[in-house]
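Order of writing sets the chain letters: A, B, C and D. Residues in each chain are counted from 1.
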Amino acid sequence: MTLDFKPGGAGLRTRVFQVIFESDTPLAKGFDIALIGVILASVLVVMLDSIQSLRADYGTLFYWVEWGFTLAFTIELAVRLYCLDKPLRYLRSFYGIVDVIAILPTWLVLIVPGAQSLVVVRLLRVLRIFRVLRLMQFVGEARLLLEALRRSIRQIFLFFFGIFMLVTIFASLMYLIESAEAGFTSIPQSIYWAIVSLTTVGYGDIVPVTPIGQAITVLLMLTGYSIIAVPTGVFSAQVIRAIREDRYSDEACPGCGHDRHEKRAKYCLKCGTWLDEETPDPRLTEAET
Amino acid sequence: MTLDFKPGGAGLRTRVFQVIFESDTPLAKGFDIALIGVILASVLVVMLDSIQSLRADYGTLFYWVEWGFTLAFTIELAVRLYCLDKPLRYLRSFYGIVDVIAILPTWLVLIVPGAQSLVVVRLLRVLRIFRVLRLMQFVGEARLLLEALRRSIRQIFLFFFGIFMLVTIFASLMYLIESAEAGFTSIPQSIYWAIVSLTTVGYGDIVPVTPIGQAITVLLMLTGYSIIAVPTGVFSAQVIRAIREDRYSDEACPGCGHDRHEKRAKYCLKCGTWLDEETPDPRLTEAET
Amino acid sequence: MTLDFKPGGAGLRTRVFQVIFESDTPLAKGFDIALIGVILASVLVVMLDSIQSLRADYGTLFYWVEWGFTLAFTIELAVRLYCLDKPLRYLRSFYGIVDVIAILPTWLVLIVPGAQSLVVVRLLRVLRIFRVLRLMQFVGEARLLLEALRRSIRQIFLFFFGIFMLVTIFASLMYLIESAEAGFTSIPQSIYWAIVSLTTVGYGDIVPVTPIGQAITVLLMLTGYSIIAVPTGVFSAQVIRAIREDRYSDEACPGCGHDRHEKRAKYCLKCGTWLDEETPDPRLTEAET
Amino acid sequence: MTLDFKPGGAGLRTRVFQVIFESDTPLAKGFDIALIGVILASVLVVMLDSIQSLRADYGTLFYWVEWGFTLAFTIELAVRLYCLDKPLRYLRSFYGIVDVIAILPTWLVLIVPGAQSLVVVRLLRVLRIFRVLRLMQFVGEARLLLEALRRSIRQIFLFFFGIFMLVTIFASLMYLIESAEAGFTSIPQSIYWAIVSLTTVGYGDIVPVTPIGQAITVLLMLTGYSIIAVPTGVFSAQVIRAIREDRYSDEACPGCGHDRHEKRAKYCLKCGTWLDEETPDPRLTEAET
């Protein structure tokens, strides 16, 4: 699951390590599934706890259930640190920080004196929902998607850069044309409106009212409607490429060391060496006969 | 039409089976088309019946027309069961359940005493519209789409998992930042808003009012606007693959090694060698005779 | 321009025919461009005429300009009919009907007595905007798009059929769950709402208010957000295919008459005949030597 | 950075030219990054200056910071003109005009007498935000995207032409069907609504209220929802082509006729034949020596 942590010592610590840090054995897989279940359940409780009417009726129940989850996560973190070679390094890693964030808010409420302001308590209570980030470790497998994303990142960055310029220009124009009464009170507000329109969300909280404002809006909406083709097209092309790359072998040519041949290639495209080590080179056979 | 049902006995039952369960003969095709027509008509009547003003004027007409459809569907179900080998197995299949749901509500209204609450009657009346599900059997042919979907399912599942995390984080932040007056009354309510925004639907019933809330909304909208490229890209790539694999073989020509022939090719397009190894080359046969 | 009309007689009529029905000569191209300009101008006048304030000030001007356009289009239609072999056949064709619709409303206002109701006059005035349809003849070149569309039509039809079922089910559920006060007054009204949501338009005129209604809406929006990948994927794949098809030759094999070979093919994939008529078959050359 | 400007004279002017017009040396790259930073900062100040409350508190600060930026941009423009061969030609180029627009508004406020109306001052102040256009020079590298766009431009133009006709027809119909009270006050207003609906923005400021108007809206929304597949499909196909053509050659191998080699290939991947006809095969040379 995590990339490069090592168990500390042999025996029990190694066996525990294999269960909670790896996912090869049935026990380790069971642990992963149970962990996902507990995380989702704890996130659900935070969500329900935020509903005023449910909180009024089941507040005490939520409080104790929450403590149950916090204790479970605390014990889990302790076991994790116990079986690791370098526990402090884990604490400073991304998943370590998320683990601490998952338990910190509940403990803080206990430690901080009761006269604590409600705002902070509310903040801490909601922060617990960031436990959902712990699920990220289970998404780490989306290799194909990430590969395609990595390759399109440059084009997609340029795309957002272009959107930034476009939105700034449109927002400034609308700020000049439309009045503050229509909601265009400042350029940042106009930028908010421009992005609401360009992304085709269209809340309708700010809306053009002058004919020329509506004409500019039409241009903005048509732009937003059609440029979505750009990231979609680039990403499609990269997914197709990533799928196709499975056609490429990583084995190095014995002649020149080049290591990116199509799998069906029989001769190295750089030096002409015969690549298939299991059968003899037909050129040699012909020469001999 | 259905996958693995068998007629019960020979003679009439087999012939009826061929008409209503298969679609090879002209009569069976006619039956299918008539069935589609009757289902659509009955769904239309339920829809019209839900309009208050039409119901006031034509309520009685709708009532009797509805009985006509129910009787027709009941007879059809009876015939289906009559000509089947194992009628009970059909009743427990997906289409069997849909068939029962299609007729049950109307019969229930008759059986249940008149003092029945209006809510249940209304419920039963609307449930009849689920007859539309019977049309699913006629969509079963979208082989290419389903094949592409089957292959992208893993990536698309990961995509929705990522959306779930994203939406939870954004919704919690907005719940902290925006007030209940703006509509962010609870985290579930914020999640509803976050999905309305991420999917670019943008009803505008809940809308950020603070500058920092609007800034976060901008990030959420841009994310929603661009990550749609992910399922689209994955699915496009898979449709392209499914179409291509339908047509090209990867087997190499025994003559020259060329390995991208259309499946229907009998001779290599490069060197003219006979490709079908299981039957002899007609050119050779002709030359011999 | 039109597909299969012939000039009536020789001399002047043929020359006029070439100018207004074809677009090969500079004069014919000039006529096409002038026609596009006049159509757009006449559509613009109808649009401006519909704005109350402009109509109050320039109503008389619009009236006379409109008569100018009508006379021009009438003369054009007369010339078209004059130079055709079978004028009546043109009148019954799609473009003929559009030509008549383009001039009929203005003439009708003249013929019909002055006491004519305002509603009909308004209707006729707006109908003139359908002249924009005359521009369709100039779009007829989108060969690649139409080819890709023709090939995806089956999948896209299935897609809309699926949407119809989906929308019916969701609309019925929401009609049961949400009250008429929230806008879900009938199933057709709910279907309107469901399509507003599924297509991610999201006007916000009808909006779910109950928690369970919002949960179902979330499902509907996520469905709409992601199934757009289906037509996009299918269409992308077909455009790619249509581009690639340029690799295929339409020339028939001299051996068996098969007429769909890849352009690079040297041997017929059906019968193995040598396809390149300009150079001799290497098999024959080898056999001779 | 700019395409075809030359330094005027040698020595200092050439060295300055290389720093501000090219981006090969570390100094030139540093200048580019600093310029991007200053442009973004100056745009940010204009944005903040448009917020009423910030302006009340920090108006004087913004005023002097703005003068700082204007002086910096003025000096930069002077240096640019100084080191160029033909300074006037630069002033008439796109980037020259943008450079002037970037400094003109602030200078104009100084020159124009104090009694100047507030509207013009506001206009000039906002116009400074167009400095963001100066960033365009740094986006010029999106070669692949522009190539794909150039190839799809014809199809995308036809697409917008089709949208124009579609929107005109739908808008006219809705103008006839819906009343002015619902917001359909004129055909241009209806066109604004039709584009808001077709692009799936859906503000909700104008909304159909009659059943038949809603039915037409359903058609319009489904059209808008699905035809987005057209530009997406065309653009995807062109990006895929542009990526592929970057890598594969169509020239056939002289040995076996295989015609899909990566451009960098020197030996045929099928038969090992030397592909580069202009230089001798190193294997032969080695054998001879």
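To be clear about the criterion, contacts are C-beta pairs under 8 Å (C-beta built on N, C-alpha and C of every residue); 3 or more make two chains touch, one makes a residue touch a chain.
Chain labels with UniProt names: A, B, C, D = Ion transporter.
This is a predicted model, so every value here is computed, not measured.
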| item | value |
| --- | --- |
| Contact-richer chain pair [B-D vs A-C] | B-D |
| Equivalent interface to B-C, taken from C-D, A-C or B-D so that over half of the residue contact pairs match | C-D |
| Same or different residue numbers at the chain A/chain D copy interface, by half rule | different |
| Distance between the centres, which are taken as Cα means, of chain D and chain A, whole angstrom | 28 |
| Approximate Å spacing (C-alpha centroids) for the pair chain A, chain C | 42 |
| Interface hub residues of chain B, defined as touching at least two other chains | 159, 188, 191, 200-204, 224, 228, 232, 234, 236, 240, 257, 270-271 |
| Category of the chain touch graph - line, ring, star, complete, other | complete |
| For the chain D and chain A complex, residues of the former touching the latter | 43, 46-48, 50-52, 122-123, 126-127, 129-130, 132-133, 135-136, 139, 141-142, 144-145, 148, 156, 159-160, 163, 188-189, 191-192, 195-196, 198-205, 224, 228, 231-232, 234-236, 238-240, 243, 261-262, 264-272, 274, 281, 283 |
| Touch list for chain D against partner chain B, complex | 200-204, 232, 236, 256-258, 270-271 |
| Complex contact set, residues of chain A against chain D | 155, 158, 161-162, 164-165, 168-169, 172, 175-176, 185-188, 191, 197, 200-204, 207, 211, 214-215, 217-218, 221-222, 224-226, 228-230, 232-234, 236-237, 240-241, 261-262, 264-272, 274, 281, 283 |
